[in-house]
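Pasting a structure here, questions to come.
So that you can tell them apart, the chains are marked A, B, C and D in the order they are listed, and the count of residues begins at 1 in each.
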Amino acid sequence: MPETRAITGNGAIAEAMRQIAPDVVAAFPITPSTQIIEDFAGFVADGKVDTELITVESEHSAMSACIGASAAGGRVMTATSANGLALMWEMLYVAAGMRQPILVAVVNRALSAPINIHCDHGDSMGARDAGWIQIYAENNQQAYDNMIMAPAIAGHADVRLPLMVCLDGFIISHSIETMQLEEDRQVQAFIGEHKAFHSLLDTANPSSWGALDLHDYYIEHKKAQQVAMANAKPVIEEVSERFGKEFGRRYELFESYRLDDAERVVVAINSVAGELKEVIDELRDEGEKVGLLKIRVFRPFPYAEIAAALKNSKIVTVLDRSTSMGAYGPLFVEICSSLYDANPRPMLYSRTFGLGGRELLLDDIRDLFEESKRYLNEGKIEKTSDFLNVRGG
Amino acid sequence: MSKYFEVRWHGRGGQGTVTGAKSLAEAVQGTGKCVSAFPDYGPERRGAPVRAFDRFSDSRIRIHTPVLSPDVVMIVDTTLIGGKGLVEGAGESTIFVVNTERNAAETKELLSLTTQPVYTVPANSISYRLFKREIPNSAMMGAFARACPEVISLEALVAEAEKIFAHILAADLVGKNIEAIKCGYDEVQTA
Amino acid sequence: MPKLQEMAKKKTAFSSGHRLCAGCPVPIFTKMLTRVTDYDIVVGSATGCLEVASSIFPYSAWNVPWIHTAFENAAATMSGVEAMARVRSKRNGNAKKIKCVAIGGDGGTYDIGIQALSAAMERGHDLLYICYDNGAYMNTGIQRSGATPLGAATTTTPAGQVIAGKQQQRKDLSKIMVAHHIDYVAQASIHDPIDLSEKIKKGIELDGPAFLNILSPCVPGWRINPDMAVESASLAVETCFWPLYEVDSGDYTVNYKPGKKRPVSDWLLTQGRFRHLKDPQWAHLIDEFQSLIDEQWDWLVAQEKKA
Amino acid sequence: MSEKYGLKNWQELALGGVITDGGNAADYETGTWRTWRPLWRQESCINCLRCWVFCPEGAFVLKDGKTPAGKDRKEIKQIDYYYCRGCGLCVRECPVNKKGKKKAIEFVREET
C-alpha cells in the first residue's frame, strides 16, 4: 500500500534510493545533502537494501567511483550539494561524455565564497552545461517522484545520460512535509531493469573506455551527446505520463499554473513556486490576470514549448535563484532565447533572489506583481535585471 | 488566520526543540491533516537560541516561508524570555505554551501579554521525574494538545506518538514518553 | 613461478600498435599483466603517457577491459569497478572472480592522485595499484613531480646559472603506502622481469589492496638513448637509488642486495637530466644525493633485520 | 571528409566513445617510425627470450619449438617489422651480443 507520511525531502530521496536499490552508491557527506547518505547507510546496515556503499574521501572520488561502477554495468547513485558538486565538476563531464546514466540528488546550496550553507541554485546552474539532464522539484513529493522517474529516463536506450534531481537545500531537504511514498514493489516494477552496455566486467569482450579522442572524432561524439539530450525531452514526457497513469501525479516539462489567460507571468524554479502559487491565487481572487510557469526540466531546455505556453503573456518576470557574474541569470537567458521569435513578444525582465538562503516572503512576491503591473501599464521596464531583497537597493 | 494553522517553537540548541516540532507535525499528520515542519538553520550549536515551525492544514501546504504570525508560540526555555522575537507577529488570540514552574498569570506578565491565552507546563520537572534528565519535548506536546484540542486530541496524540516513538526509541522509552505527554497534558495551568 | 617460458605461453593484456615512445619500457610490465595470473582482470589508467599512447581513438592496445576517466582518480574509478565486481560475485557465486588493477605514472600517483590512492587503500578494495615511476610529468613534457630526484633538470626545474635542477629530494611513496598497513607493498624495476612478474602476480592474486611501485626510465625525460631504459633501471638498482624490496603483511624483504654498491654518480651521470652536475660547482649535490641514498638504504636493510 | 579518411559518422560510433574491440591497436602500424633495423640471427640465438620480454612493441614473434633435450618451449620465430620501431633495446639487452664475439641481433641503418 502507498503510505502517506510526513518526511523530510532528504528522507524522501533516501527512500527512493532504497526502492531503486542501486548496485553501487559512492558518496561523501556535505550539508545539506548529508542526511540522504546517512539514511541510506542505515538501510544498508539494516539489510533493507543490497547496495555496495563506498564511503569515499571526496566528491571527486565519489563521482569517479560512480563512473567506474557504472561502466562496470551497475546502476549507480550518489547525492551532493554546492562545493561537493563543484569538486565533482571534472567528473560530471566525464560521466556525461561516457554516457553513464548515473543519478545524483543535488540538494541545492550556495557556493563559496563567502561560505554559506543555505539554498540557492548556483551549484546545479553552474553544472548546466556538463551534459546532465536536470530535473527540479518544488517540494518533497516532487523530489521523490522525480527520483523514481530518473532511472527510466537516464537509462533509456535513446538517452543514456546522467541525471540530476535538484531540490532546495533546507527548504525542502530538511522540512518534513506530508507526502505519499509508493509501494516498493510498484516502484520497482515502474523502474524496470537496468541495462548495461559494454560492461567492464565482460572480460570475454574487452572494451576500452575513456580513450584519447582527437580532432578526428571528438566532435562526432559531442554531436551524439547533443542528440541524446534532445531525445531526452520526449522520453521525459513519456516516462512522466507513464508515472501519472501509474501513481496519479502528473508532470510535464514545466508546470503551467493559471497561465492560459495570464497577462503577467512569473517564471521560476523549485520551492519558491509554492509561495508564488499562494500569492497568485490571492491576486486572481482580486481579478488580476497573473500566472506562473514553473520549470521542471532545465536540461534539456524546452524552448519551443515554453514559447507556446507564454504566447498570451504580456509581461514576464523571470526569477533566478543564482547569478551569472557579468551576465544575466541562467534562467532569464533561456527564457529570452525561448521568446526571441515570439510575435508579439512579451515584455521581459529578470530578478535574482534568494542567494545564500535570503528569504522571499509572500509580501515580497505581492510587491513583485505590483511592479510588473506598473511596468505593463507604463509600457516600459525600469530595470531589466536586478536583485531582490538586497540592502542598499 | 487563513487556511494554515501555524506554530512557532523557541528553544535552545540541544533541548530537542527541532525534534519537538517534527514529532508534533508527524502526530498531527497521523490524524489526516497535511503538515510541514522545519527549523531555522544556522551555524548555531548547543545552547544557542533556535526556532522551529509547524504548519497544519486540511489541504496541501504550498508555502515554505518561516512562520511570521503564529497561532501558537511554544516556549521551551524561559531563559529566552525578554530576548528577541518571542512575541513577534503574535495576534490577539495567539496561544502561548510555556515550559515553566511559574504560574500562568506570572508568565503572562513576564511576556507582557494582554489578551493572549497562556498555558504553562512544568515540562522540565516532568522530564526529570521520568527520565532523570531534561528532555521537555513530550510534555510540551501534551500541553499543546491541552491548549489546541481542535488540532489534536490527547487520545489521538498518544496513539500517534506511540507509532512515531516506536520507530526511533527503545520500548521502555516509548512508554515513558507517552507518560510524559499525559503528564504534560494534565499539569497545564492557564491564564 | 612465472618464468619467461611460462609467460610466453599466455596471451598478453597489451597489444602491439600502441604509440608509446620508441624504447619506452612501460609495456614490459603491461604486457605481463595477464601472463602472470589466471584471473580475469580489469585495468584502469590515470591520465598519462600510457593512457594516451594506448588508447588513441578508435584504437586501443588493451586486450582486457580498460577504463580511463581522469588524471587524479584511477584508484577511485577502480574502487567503483571493484565494488561492482563484488556485487556480481554476490549475485552469482559461480561468476569467475575478476581482479582489478589501477595504473598511474608518478604524476597521477605521488602527486595529484595520492588522495584517491590513499583512500582506496584505506577502504580495503581488492585492488592492485601499480605506479610506473619515471620521475616527472613526462606526458606533458617533463615537468617536475614529487618523484623527481634531487638535482634533476626538468622543464619546471631547469638547470640554470644559479639553480641546479630540482632543489628537493623525492618523496618516498612506497613508505607512505606501507603506513597504510595494507597486505602488500613492493618496489620493482623494469630491468628485472622475473622479480617484476612475481610481484605483479602477488599483487593481483592476494585478496585486498596492494601497491607496486615500478621504476620505469623515460627516454626523453631522462635524456637517454632509446636503447638505454633497461640498463639505466639496472644502474638505479645497483646504486641502491631504487632498492628492490617488498613489505608483505608488514615484513620487509630486500629482494636484491648488490655485492658492491656502486656510487650514485654512475647512474646520474649517464643521464642528460643530471648532466649539469658534472660542473664542479654542483659537486656537493652529488655528495648530498649519495648520503641520502646511503641513509635510506641502511634504514631499509635495518627494517629487514628487525623482521 | 568521412569518405576520404574512412572515418565514421557520429551515428556509427559506439555510445560514449567506447572502443568495443579492445586490442585493435594491433591494426596500427608503428614500423614506419623506424630508422634503425634490428636483424635477428637464428644461428646465434640462445632463445633466452630476453628480447621478447623487453621489446616494448611486442615485435618478437614466437613459435613452438623444442629444447636440445627435447622439451617443449617457445622460440623466437622472427621480428615483426610492422611494429618494430627500431629502439635497439633488444640489441643492447641481448646476452649473446653482450658477450661480444658474435651477435644474435644486429642493428643496421634503414635504407633511405
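Just so we're on the same page, contacts are C-beta pairs under 8 Å (C-beta built on N, C-alpha and C of every residue); 3 or more make two chains touch, one makes a residue touch a chain.
Computed from a predicted model, the values in this text were never measured in an experiment.
Put simply, the C-alpha centre of subunit B and that of subunit C have 63 angstrom between them. Inter-chain centre distance (subunit B to subunit D, centres taken as mean C-alpha positions): 81 Å. Averaged C-alpha coordinates give centres for subunit A and subunit B that are 35 Å from one another. For the pair subunit A and subunit D, the distance between mean C-alpha positions equals 53 Å. Multi-chain contact residues of subunit B (touching two or more other chains): none found. Among all residues of subunit C, those that touch two or more other chains are 55, 57-60, 62-66. Chain contacts: subunit A has residues 98, 206-211, 213, 216-217 touching two or more partner chains. Taken as a contact graph, the chains fit none of the simple arrangements: neither line, ring, star nor complete graph.
Interface note: chains touch in the pairs A-B, A-C, A-D, C-D. If you check the complex, the residues on subunit C that touch subunit A are 40-42, 44, 51-52, 55-60, 62-70, 72-73, 75-88, 90, 96, 98, 115-116, 118-120, 122-123. Subunit B makes touch with subunit A in their complex at residues 22, 25-26, 29, 33-39, 41, 43, 60-66, 68. On subunit A, the positions that touch subunit B within their shared complex are 4-6, 32, 117-118, 139, 168, 170-172, 174-178, 271, 274-275, 277-278, 359-362. Looking at the complex, you find that subunit A touches subunit D at residues 97-100, 160, 197-198, 205-211, 213, 216-217, 220-221, 223-224, 227. Per the touch definition, subunit A reaches subunit C in the complex via residues 23-24, 26, 50, 52, 54-58, 60-62, 64-74, 76, 90-91, 94, 98, 199-203, 206-214, 216-217.
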